[in-house]
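Here subunit A shows up in two complexes: once beside subunit B, once beside subunit C.
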Partner chain A sequence: MSSFSVTFRSPDDEVCVLDLKGELDAHTASELEAAFQKCLDDQRPRIVVHGGDLQYISSAGLGVFMAYIEEVRDQGGDIKIAALQPRVYNVFDLLGFPVLFDITSTEDEAVHRFDADGA
Partner chain B sequence: MQLPSLPLDRVRPALAGGRARRVVLWAVLGLASVLLITYHAGITAVGEPPSVATLVLVNLAAAGCVGLLAFLLSDTFSRRLFNPVRALWTPLVVGGLGVVLEMGLVAVSGGPASVDMKTGVPEGFGDVTQVIGVALIETAVALTLLLSLRALVLFKRTSGSVRNWRLMLAAMAAAALVLLGNSAIDPVNDNVLHVVLLILAVGTMVMNAFRLAWIVYLPFRQKMLTLGLSVGLIVAFGYLFQMRYVESGISLGAGSEFGPDLTMDLTLAAVFSQPLSQFVMMAFAFGILYASTAVLSLLFHLPTAAALQQKTGEMEALQALARLSGEVFDRDKLVDTIAGAPVEAGVAQAAWLALIDEESGSLAPRITAAFGLTPMQIKALTDYETLARDALASKGPILLRQAPADHRIRARPGDGIGSLLVLPLLAHAEPIGALFATRAVAEGFEDDDVDALAAFAGQAALALNNADLFAERLERERLQRELAIAREVQQRLLPQSLPQAPGIALSATSIPAAEVCGDYYDFVEIGDGCFGVIVGDVSGKGTSAAFYMAELKGIFQSVSKLTRSPSEFLVRANEALAGSLGKNAFITAVYGVMDTTAGTFTLARAGHCPVAHAHADGTVDLLRVGGLGLGLDRGPLFRRSLKEQQIALQPGDAFVLYSDGLVETRDRAGDEYGYDRLAAAVAKHRDLGPDALRDALLHDLYRFAGHDEWDDDLTLVIVKWEGLPARPPTRGDALAAEVSGTA
Partner chain C sequence: MPAPTPTVTIPSATRYLARVRRFVDKQATAAGLSERAVDEVRLAVDEACANAIEHAYGGRENGTVEVTTEQAPGLFTVIIRHTGVPFDPGAYHPPDINRAIHERRKGGFGVALMHRLVDTVEYRHHGTTSEVCLVKRLNGNDGESASA
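So, the complex of A and B:
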């Protein structure tokens, strides 16, 4: 059975960092959905997804990003994806996600881009 | 008769042997009787008393005849099924018949028989006929009586009761047999041994007369019936008993030298045989005694019979309903049966069932069925929710003997809820709800009512649980059938045969992870030697993926023939899908067009896994041309992201198109098969034909994974370019050769 967890971090008042751990697939996608929804409900649409511990992502997992990006951007925020492992990045890349999402190699970079966007 | 249940091959010889023996014994009995009758006729003709030795011999013969007859009859009686009414009815009929026959004999003989009181010998031929007739009748009646009562006395037998019965018979026989040397006129009471044995016989008779266990089990009507029969038995045998002595015509009158009281000791049967007469007397006495104790016992049991019957009826009704509820799988019907059972069985005047409805998400029990009171009344009169919860929490029945006094009851005295019983329904310790039973009076439920209803509630809970499980199973089976149909339909959406095109060899397979899948592959002949191949993968799995896959097929079939440009096709497909794809759904696809005339393979990739291209020299490229997945962007970004790649075909080129299920297959350690292993396998097996190459790649995957159960749908399409066959030389070719030759 695949295991997956999302934990929240707030390095500052602006950005909400979600640490993903484990395998994000059709069974666990709802947890990430809930996390994104919570960010929206809390009016904190600046989201950085930290994927350092993400081992695997399936198409259903990728679908969660697609499902929320529009609403997050409508609220003036964004979902930025940081620190993906090469193999997981390859999945995002194959699908063309770098065209649609800000994907950075480090969390700091992602947070800074929010600052740059906001400036 | 239980013949049919016995093995016939064993029974038949035994029966035949038994029948032959019985015939012989009946013949012996008949002969002995004839001899006895002849003897009595003879002695009457002679008019002299027999010698003691003759008397002993005759009495022994008579005793033997009685024993033999008892043996032959007992066989018939022991085959009967136990039936108290019949056991009393038979001796009553036979006894009554005896009375009638004896009276008839006297009437036919023109009066009571005369016996010479000095010799104990009948005086004439008519007298001896009467003596013989009465002796035979009384013997038959006495034996019928004993054998019939035997069944009653030995009902629920123990070794003690059997011993007592045999002791009684033995005492009776012994008390009779010690009088072997006695004639009808010899006094019997001066024989001490006889008196002692007689007392013993009476004692055992009393013991056996209290073997009345069969009475307890009789329903009220049968108790009445057996009471009547027992009274009848007392009357009939009382009459028979006194008939033996009176009006026998042997009254000697006041002037007799023996005195007038001697008559009482003389019976006609004794003239035939004194021991026989004594035995008959004891048998009759036992019959009267047994019938008397039965009458008394029946009288005592009558008042309780109705109550017992009602209780038994209630219990039987509850048991029957519990059994029934185990067989009902229709939940609504079952709920009605359970709620109605206490009322139907007569234990309660109103009853209802409050069940926890899991689907409603609330733990509050709802009234599902009610009898005797309407749900409105119940809600108004009781706080059934709290009562159900309390009963479930305590896991035991709650009995409110004075219901109106309880704080959970709003009913006042006279509202019809005098006492209330709440029975928790638990199936495998899981709360289901509660069964309520009420009676209008206070203190309306006895302890045994509570026990019976609690047992019923236990059964009911299991039955409800079973019905739920059954319904779930039905639903699951229905879904499985639906999915099987869906799978069949979907399999027909995939190409049923591979197209034939010059220079191209194809192979394809798709393995769904679940019943239905989101993988798709297809081929199209565009015309002018152009030929398209597509592999697509809908995000997610299962039903929604299967619907999008069907939609993709529709788009492919309608759009693919309109353009030879793979990127153009994908742009149009993206536009077509934009309206229907859900926000979180997308489709990856790779589409290639092979131009057999120009010898090119042009492909575009919409977020799909790169195509593996094996060259004839053994190198393998992963063709990773840029492009977004279908549905990720519904505007110009998608078009801009798409690139096309064109490859000049060389004979021996192999293209492997696949879905991510292939490269993401993991072994037991969790490692993915990956692109490197795929590329290596393609390089190794590139020279094989398309089918063999497909099988080799799958085999390599199986070996890596160590299992053949896939988490994801898996699709594999092989396209091999074999090159066009050499064309026959044309004029143009010849001309060119000439030109080059001259050059």
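So, the complex of A and C:
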């Protein structure tokens, strides 16, 4: 059984940090989907996905980012992806995510980019 | 005597994908693939199995997906077999990621990923059984322990 969890954190009133842990695949992708949907429902579209403990991602997981990014940006926010392990970053890179998504080395960098770009 | 062909068989449900990944991880590592090559084969097999479960069986959980690994000099092969609806590679068009984002689509990238992760992707049919054959070439530092 795939082990995956999403935990919500709010370092400030503006940004919602999602800590991903475990393996994000076709079975667990719906949990990330629910987390993004909750951010939208709560009208908190400034989202940082912290991937430091994300061990694995398949196209089903990447698909959730693709399905939500436009709606999040429409609400004036963004999904910034931080602290990915190299093996997980490689998968994002294979599909060209670094061109389309803001991917940073650290959570702090991602949070500060919201201040910098006003998104 | 022919080498044994390790096999794992799972029900057609996504909750069993992790079991396939562990199996491929173990076999590919034992075959001497580099860490990166193991990651790539494991992901390609995961995509093929997820496609079989979600598309070939259409979410029906009473089917099975069989995953077999084979080794030959310089090659690591994984064959994924199912008896669901065969995939027609001729009808597949790799999706454009910008368009997918615009259309808020979350699927369709598994096949494109598979082709980037392994050297050969081949589709075969034997009666009611469909096979996806994924071949990864061992190169560079890969295969050192296999030849030891």
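The rule is simple: the second predicted complex is superposed on the first by the 118 of 119 C-alpha atoms of A that agree within 3 Å, B and C clash if a C-alpha of one lies under 4 Å from a C-alpha of the other, contacts with A are read in each partner's own complex, and residues count from 1 in each chain.
In this section, a contact is a pair of C-beta atoms (placed from the backbone, for glycine too) under 8 Å apart; a residue touches a chain by one contact, two chains touch by 3 or more.
Because the structure is a prediction, the values reported are computed rather than measured.
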Exercise. Between subunit B (first) and subunit C (second), which does A:G96 come into contact with in this model arrangement: first, second, both, or neither?
Worked result: both
Exercise. Touch check for A:H27: first (subunit B), second (subunit C), both, or neither?
Worked result: second
For this session: Identify which of subunit B and subunit C touches the larger number of residues of subunit A.
Result: C
For this session: Could you say whether A:S59 touches subunit B, subunit C, both of them, or neither, answering first, second, both or neither?
Result: both
For this session: Give one of first, second, both or neither to describe whether A:A67 is in contact with subunit B, with subunit C, with both, or with none.
Result: both
Exercise. Overlap of the subunit B and subunit C footprints on subunit A, residue-wise?
Worked result: 26, 56, 58-60, 62-64, 66-67, 70, 87, 94-96, 100
Exercise. What residues of subunit A sit close enough to touch subunit C in their complex?
Worked result: 1-3, 23, 25-27, 29, 33, 56, 58-60, 62-64, 66-71, 87, 90-91, 94-96, 100
For this session: State the interface residues of subunit C toward subunit A in the complex, per the touch definition above.
Result: 14-18, 21, 35-36, 39, 43, 46-47, 50, 53-54, 97-98, 100-102, 104-110, 112-113, 116-117
Problem set entry | Touching residues (chain side subunit B, partner subunit A) in the complex | 537-541, 582-586, 588, 607-610, 624, 626-629, 631-633, 637, 641, 660, 664, 672, 712
Exercise. Which positions of subunit A touch subunit B when the two form their complex?
Worked result: 26, 56, 58-60, 62-64, 66-67, 70, 87, 94-97, 99-100
